[in-house]
């Protein structure tokens, strides 16, 4: 090619180990260890087996974190997931009570979730001018509204046919099924986001939507898929909630969307899009779960744990910005 | 040209459209259930939705600068719970003092949020989510771990909501004063217009010398003020204070603003629109059981309404854009 | 003491890596209309921003009515009576016209805004300008021409003594331009001094008494409009023998690659037809807003045309998405590198491979090693001045960013390459390299469409030139018959024969 100077451009990446230790994920791992040490000192009952025993109730909402991370990387938000959880739990409980085979119950949960997610995706890809916040605010009210109508004046439903549900709460040795499933899904979601072409495109959309479009990325298709998967995972969450509480009511899953977003953001996934990875999100989810179990053992109220969570969340986002500003000010 | 001006009228006078909808709603509901259009019933509607109606003003300002605040009901709970406990344990007994304390707490809470958002560049949804947890938990801590302050313990305070001045209910007075103030503030003062300017084009605002950061701090502080007031009003209207009061109510406030034509991306929205949006929501809530639809359907209808409003908006805008393109000379 | 209301001496403005203005001078007489001309990237816009206090010059002095001034920001300039009307109005779309006019200097009595007075004052100003809209109209609903009028009214409301108009006619129709001329005449009568930036010779002849020319960030000269011929002026603006700078290789033109027939999209372009052959460079030119970019974006599936057909190598094709166009070998290098071409915060390597990652991925997962090798190879092929493939695209200069865009295109199977303003904001040295790459591509047998507003570039590189005006193709010239004047005439077709059907 003309004017070629024979300049060589380096393409060998830095040693990954050094990068890992200094990263936010590195800090989170340290924090996870510290939280566990703290819990072990704080509560005499806190050990691996009690952790594994008490963990499942807190794990259900971590399923929401996985696709929520994708949505945040897109630079968007979905606040309807708590309501989807409620609706799927309600619907699958009704199906369960008819005495249908348990596989049908599972499929109901997944299908209801998928449909709800697809509704979000459809509206958002059809009317791209609308901010996701407002659309999912509306569907948040609608999905829970449907559940309220279905649940009727009592506002709750109990599972009468609990055989299958009990199955879901089973264990292998001391490890509950839910943890297995969560770990498997987490690995899949993390690898797809971090290593696959799909994940790369998600980051491209979240960083510069226009360039992604010009580069041949199917922006709307990818958004639709992600919102639908968000619905499916809400279905999984709803199913496990049903299995642990043997019923559903109008407040099932309330506020879960915020918890999922908080875990992701605390894990270093920026709500403005294009930054962070699922490893951080998953570690932060486990920090929160361990904290809940540990503090819960000494009957610390859930509200106090939320207080800690809120402070951590704001610090995690605000401190880097403040430090950055201070540095720039000093440079000047 | 004629077509264009007609479209402009439709999209331009959002408030007129909302008034028509509200009147239609009233007409339908009254026809089906005459008991709706009585002063007592209407007062009930206003009182039950007073918290939403008052806070819609603050949310209007926050959304005008392109922000959002989902912590408001936690702020309300903290301030409401605080005065509830103070009254219960007889630290104070004066109603006015209770209001002042609630408002002071709310304003402080709002100012802290504003500082975090404007100075540390935390996205509003994340910052207010964090404070939603924090303030709610503080409300719980203030309540000594979940105590209620029931009607019996609130002394004179609980009578406030039933008192009248000059023949008008005191809660209604609060709403009127708030709306009058904001109507004047947003339309007739420089600061009010600066809020609009920042939301409409932040870069231009910066260039023309508006302190964007301070405007943001201001709107969240005002939101906090109104949330504190809302907390006090809630305790008065329902004659009880509990740490989980109004949980999830922030979505009602946002919904009221959206129905009232406040844009989520900033710059567009009026005080009148926010009021009408809140009133339409309140009317629907009240009307459903009256016209024989189960109250269970309330939320679903509310959600569909929001969705329809925003989608119709987009479609109207597309038609307007398309017409503009067709009119282009080639 | 001074004859001039505004005088600038020895202005030098440096941006990272580029000297945007080099020892530039300028004088404005009271009550005159002074045209400022030059090619794209000559430094006109930067110069305006120095005058209005948006940019601060590294060197040089500025005198206002003989007194030295030093603006700290745009507000200082405004206070000193200087107002600028930009090509893309910088307004508040949600607010009313009156508010836009009075933003920052509202009429206030006892802390209350005086809407009635402001609306009346605004209407008075608008009447002066013969505006056909009311001061209570919402800014966002106005056309660009009307918004410009509001900006002029805003300038008047601050009692500006100097008004700068930055390419005001670029987006206007003939009738709207006439209206603007009338306004400028009126302002001149009232003693306002005006600096007028334009590409159109028509504007200059109609309005200005003197003209100052910039070229390559330097001051070339100031001339009396009556005393300079068109040819001399163009020479001053372009300043070099055009054909020599462009390494246009002799390429045998092959078979037809892409043919577009009767392409239309409401409001953007109508009935556009053209074809391009293997090894051929077709220049697509016209004034800003003529619809050139919109046509090729529709060809590439970025937007949807309303009607028309596209043929690739004689076969009709239907393209609905950008990726379909890429699969078929129609590659677009978009106009705006930073917003459409690159992801600025990403490393160079990832930018290069974005369109093609799935091609060498193993069952959906990246083959990072291969990706790194490929991007290194491609970046070296276009001779990008970069240290490694991980550095963010934002760390490169404009010219090198453009090379990354080229490398990104090279990663794909190409048949037709469409380059939209490839040298915009690129310094002279890097320009030559991009032309060389373009020549190479033509030699390799690709069909090339070059969209450019820069006359020399079009004349120097293109085998055939298609001119568009107001959404229509107004003419086609071969390399031999093309001249600056010929192209300009076609590009302003509409302006000269308003209402007539284009030929």
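As written, the chain order gives the labels A, B and C, with residue 1 at the start of each chain.
Following the convention adopted for this analysis, a contact is a pair of C-beta atoms (placed from the backbone, for glycine too) under 8 Å apart; a residue touches a chain by one contact, two chains touch by 3 or more.
Computed from a predicted model, the values in this text were never measured in an experiment.
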Highest C-beta pair count, chain pair: A-B
Centre-to-centre on C-alpha atoms, which chain is most distant from chain A? C
List the centre-to-centre spacing of chain B and chain C in whole Å, with centres computed as mean CA coordinates. 45
Could you give the separation in Å between the centres of chain A and chain B, each centre being the mean of its C-alpha atoms? 30
Note which residues of chain C are touching chain B in the complex, please. 54, 73-75, 90-95, 99, 103-104, 106, 108, 111-113, 115, 138, 141, 143, 173, 266-270, 470-472
Contacting residues of chain B [partner chain C, same complex]: 8, 12, 184, 187-190, 193, 196-197, 199-201, 203-205, 207-209, 263, 267-268, 322, 324-326, 328-330
Flag every residue of chain A that touches chain B in the complex, lowest number first. 77, 123, 127, 129-131, 133-135, 137-146, 148-149, 152-153, 254, 258, 261-262, 265, 271-272, 301, 303-304, 306-307, 309-311, 313-314, 317-318, 321-322, 325
Name, in rising order, each residue of chain B that touches chain A in their complex. 68, 70, 116, 119-123, 125-127, 129-134, 136-138, 140-141, 145-146, 243, 248, 251, 254-255, 258, 264-265, 294, 296-304, 306-307, 310-311, 314, 317
Inside the complex, what are the residues of chain A that reach chain C? 1-5, 7-14, 191, 195-198, 200-201, 204, 207-208, 210-218, 274
